[in-house]
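As written, the chains take the letters A, B and C, and residue 1 is the first residue of each chain.
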Amino acid sequence: MNSPLKNLIESLIFVSQEPLTAERLRAVLEGVPAADIQAAADELIADYATDGRGIHIVRVGGGWLFSTKPAHDREVRRLLQIERKNRLSSAGLETLAAIAYRQPVTQSEVSAIRGVDSTGALKTLLEKKLIKIVGRKKAPGSPLVYRTSDAFLLYLGLNSLDELPSEEEIAKILEEEKAVDA
Amino acid sequence: MNSPLKNLIESLIFVSQEPLTAERLRAVLEGVPAADIQAAADELIADYATDGRGIHIVRVGGGWLFSTKPAHDREVRRLLQIERKNRLSSAGLETLAAIAYRQPVTQSEVSAIRGVDSTGALKTLLEKKLIKIVGRKKAPGSPLVYRTSDAFLLYLGLNSLDELPSEEEIAKILEEEKAVDA
Amino acid sequence: MPETAAETLPIEESPVPSPSAESPEGYQVRLEIFEGPLDLLLFLIRKKKIDIHDIPIAAITRDYLDYLDRKTEINLDREAEFLFIAALLIYIKSQMLLPRETDLAEHEDPRQGLVNRLLEYEKVKAACSLLREREDGQIVQWKRDFIPPLHGENELEPVELSLFDLAESFFLMMKRRSADDTRTIRGRDVSIEVKMKELVGLLQERHMIDFLEYFEAHASLEEALVSFFCILELVKSRVAVAVQDELFQTIRVWLRKDARRTGAHE
């Protein structure tokens, strides 16, 4: 049987990014006797332990936290990998932006624009097929030249590079004096 | 009774940062028949709906996601130290509605519908990632074109744009408003 | 960040609605100010129980202007837009007063454009009230957008890619860079001497330079600024003439006739 208190504690452990301590729980549930809280929490944890569910509550760092079970590790990692593939780090985003707006560019040009070495980010973008190598620059050391790929356009839903917002347009959106309207 | 497959799906929905689609689930559970996956997922969701638990699985943005129940809002906010409910301003919501129903649209089209310049509201919605730029319109000045994002669906708890209030529902609201008037 | 709705989408606080605005009477007793001109017009039309398809323009224009005079009920940041619709109303009124030989056909009704806009806006407003209900239902259901602990390592916090992020990222990067450029302007390799020669050469070749065009063709802010200094110098030493027809318009630069023959300025 689920009591409202047990349900509430379940919600709170669920949204908590850090292990939820008994102390914090008591502070949030002001007015509820500490003994009741403890009893409901114990019961909840026992439910998850015996129910044979996919997730369980673990005790770490003096608090409670939801966690997946070790048995599901392989699939969980696979899912997160798929999800991660669809996302970019901020360094990746910045590098991609530099290439998109300044192409064709070399690694050292990208690094100069960003002010930091971008070799690693370029590698990631190549792996994600968002950029491609289109040749070498006629310059000392013949550096590789990069451009964004067709996948890049597809990913952003653009027909061509002309559809990228211009610097002026973005400046206008970002510098709009005060968002009177929002 | 919990099957291993159901448990596994529970784990996967639990760790997913975005709504977990059936398609992605099938990709992760390679080799498991799609019908089995669907049956286990359906059963899992039904369990959560009837068990009277603190958290439940919602169908949103084309996939499944765990969420707390509305009844626990006050305590969750207290735990996360968020004082007030954050709603969109009426100008922000109006702009969002105009985009949702008329997409793909340009800034000037949105402004024309509202009768007021909407640049500021668009900026806010972009920053909140509720809308996105999807290209340019083939028209004089090639203005940028906007659409609602996946985060928009999640924000309003919609499974897809088809679930936006229909013409009929809107007409009904108008009728009611006029009736109050008369 | 434990919640999608309020954390990754930090939705701005809206003014706390007054009890009257939440009452079932809706707009009828609203105390809030009118966001825009269409909002005000719709309010007037409803208040007078007017058929939106047959608006008595003269009367509604008078009411509308009365509201503008009071100003307390309108959003003053939007005054120009309110005035624009006032002008439109007056224009429509004048159109309707023009003597016609035949009756106006339906599609010739000068009010039609405005009526269509009002009907569309009315729908958006109605949709808003439904979307607001959804929003209210959703913001009390908390989602989680962090990855719960796994067995082993945790990787970097990822960021989602959008076109806006991409463009914004680039713009901010450029802004950062131009800030760097202005600080180190003297140390760079674009010298005034070299630029001066280039400019004089260009003036001899073309006789006239559109400065804005020239400015825009330059990659860095630094180079553009050096060019600007050069032109000031050329004008000061009476080698060139610079003309700006109007404030904020481009500057056109000519070589003086005597300088054109003698070549480079020394």
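Points to keep in mind about this one:
Assume contacts are C-beta pairs under 8 Å (C-beta built on N, C-alpha and C of every residue); 3 or more make two chains touch, one makes a residue touch a chain.
Computed from a predicted model, the values in this text were never measured in an experiment.
Using mean Cα coordinates as chain centres, the one most removed from chain A is C. Ranking A-C and B-C by contacting C-beta pairs places B-C first. Distance between chain A and chain B, defined via averaged C-alpha coordinates, is recorded as 18 Å. Put simply, the C-alpha centre of chain A and that of chain C have 31 angstrom between them. If each chain is reduced to the centroid of its CA atoms, chain B and chain C end up 27 Å from each other.
Shown for chain A are the residues that touch two or more other chains, namely 11, 14-16, 55, 66, 68, 76, 80, 156-158, 165, 169, 173-174, 180, 182. Touching two or more other chains at once are residues 2-3, 12, 78, 142, 144, 146-148, 150, 160, 162-164, 167 of chain C. For chain A in complex with chain B, the touching residues are 2, 4, 6-12, 14-16, 20, 24, 28-29, 51-55, 66, 68-69, 72, 75-76, 78-80, 82-83, 156-159, 162-163, 165, 169, 172-174, 176, 178-182. Residue ranges on chain C touching chain A, taken from their complex, read 1-3, 12, 77-78, 142, 144, 146-151, 155-156, 158-171, 173-174, 176-177, 180. Interface residues of chain B facing chain A in the complex, by the touch rule stated above, are 2, 6-12, 14-18, 20, 24, 27-29, 51-55, 66, 68-69, 71-72, 75-76, 78-80, 89, 91-92, 95, 116-126, 133-136, 142, 144. Against chain C, the residues of chain B that register as touching in their complex are 14-15, 17, 58, 65-70, 72-73, 76, 80, 82, 84-94, 96-98, 100-101, 112-117, 124, 126, 128-130, 132-134, 149, 151, 154-158, 164-165, 169-170, 173-174, 177-178, 180-182. Remark: chain C residues 2-6, 8-15, 24-28, 32, 35-39, 46, 49, 78, 81, 85, 117, 120-132, 134-148, 150, 160, 162-164, 167 touch chain B in the complex.
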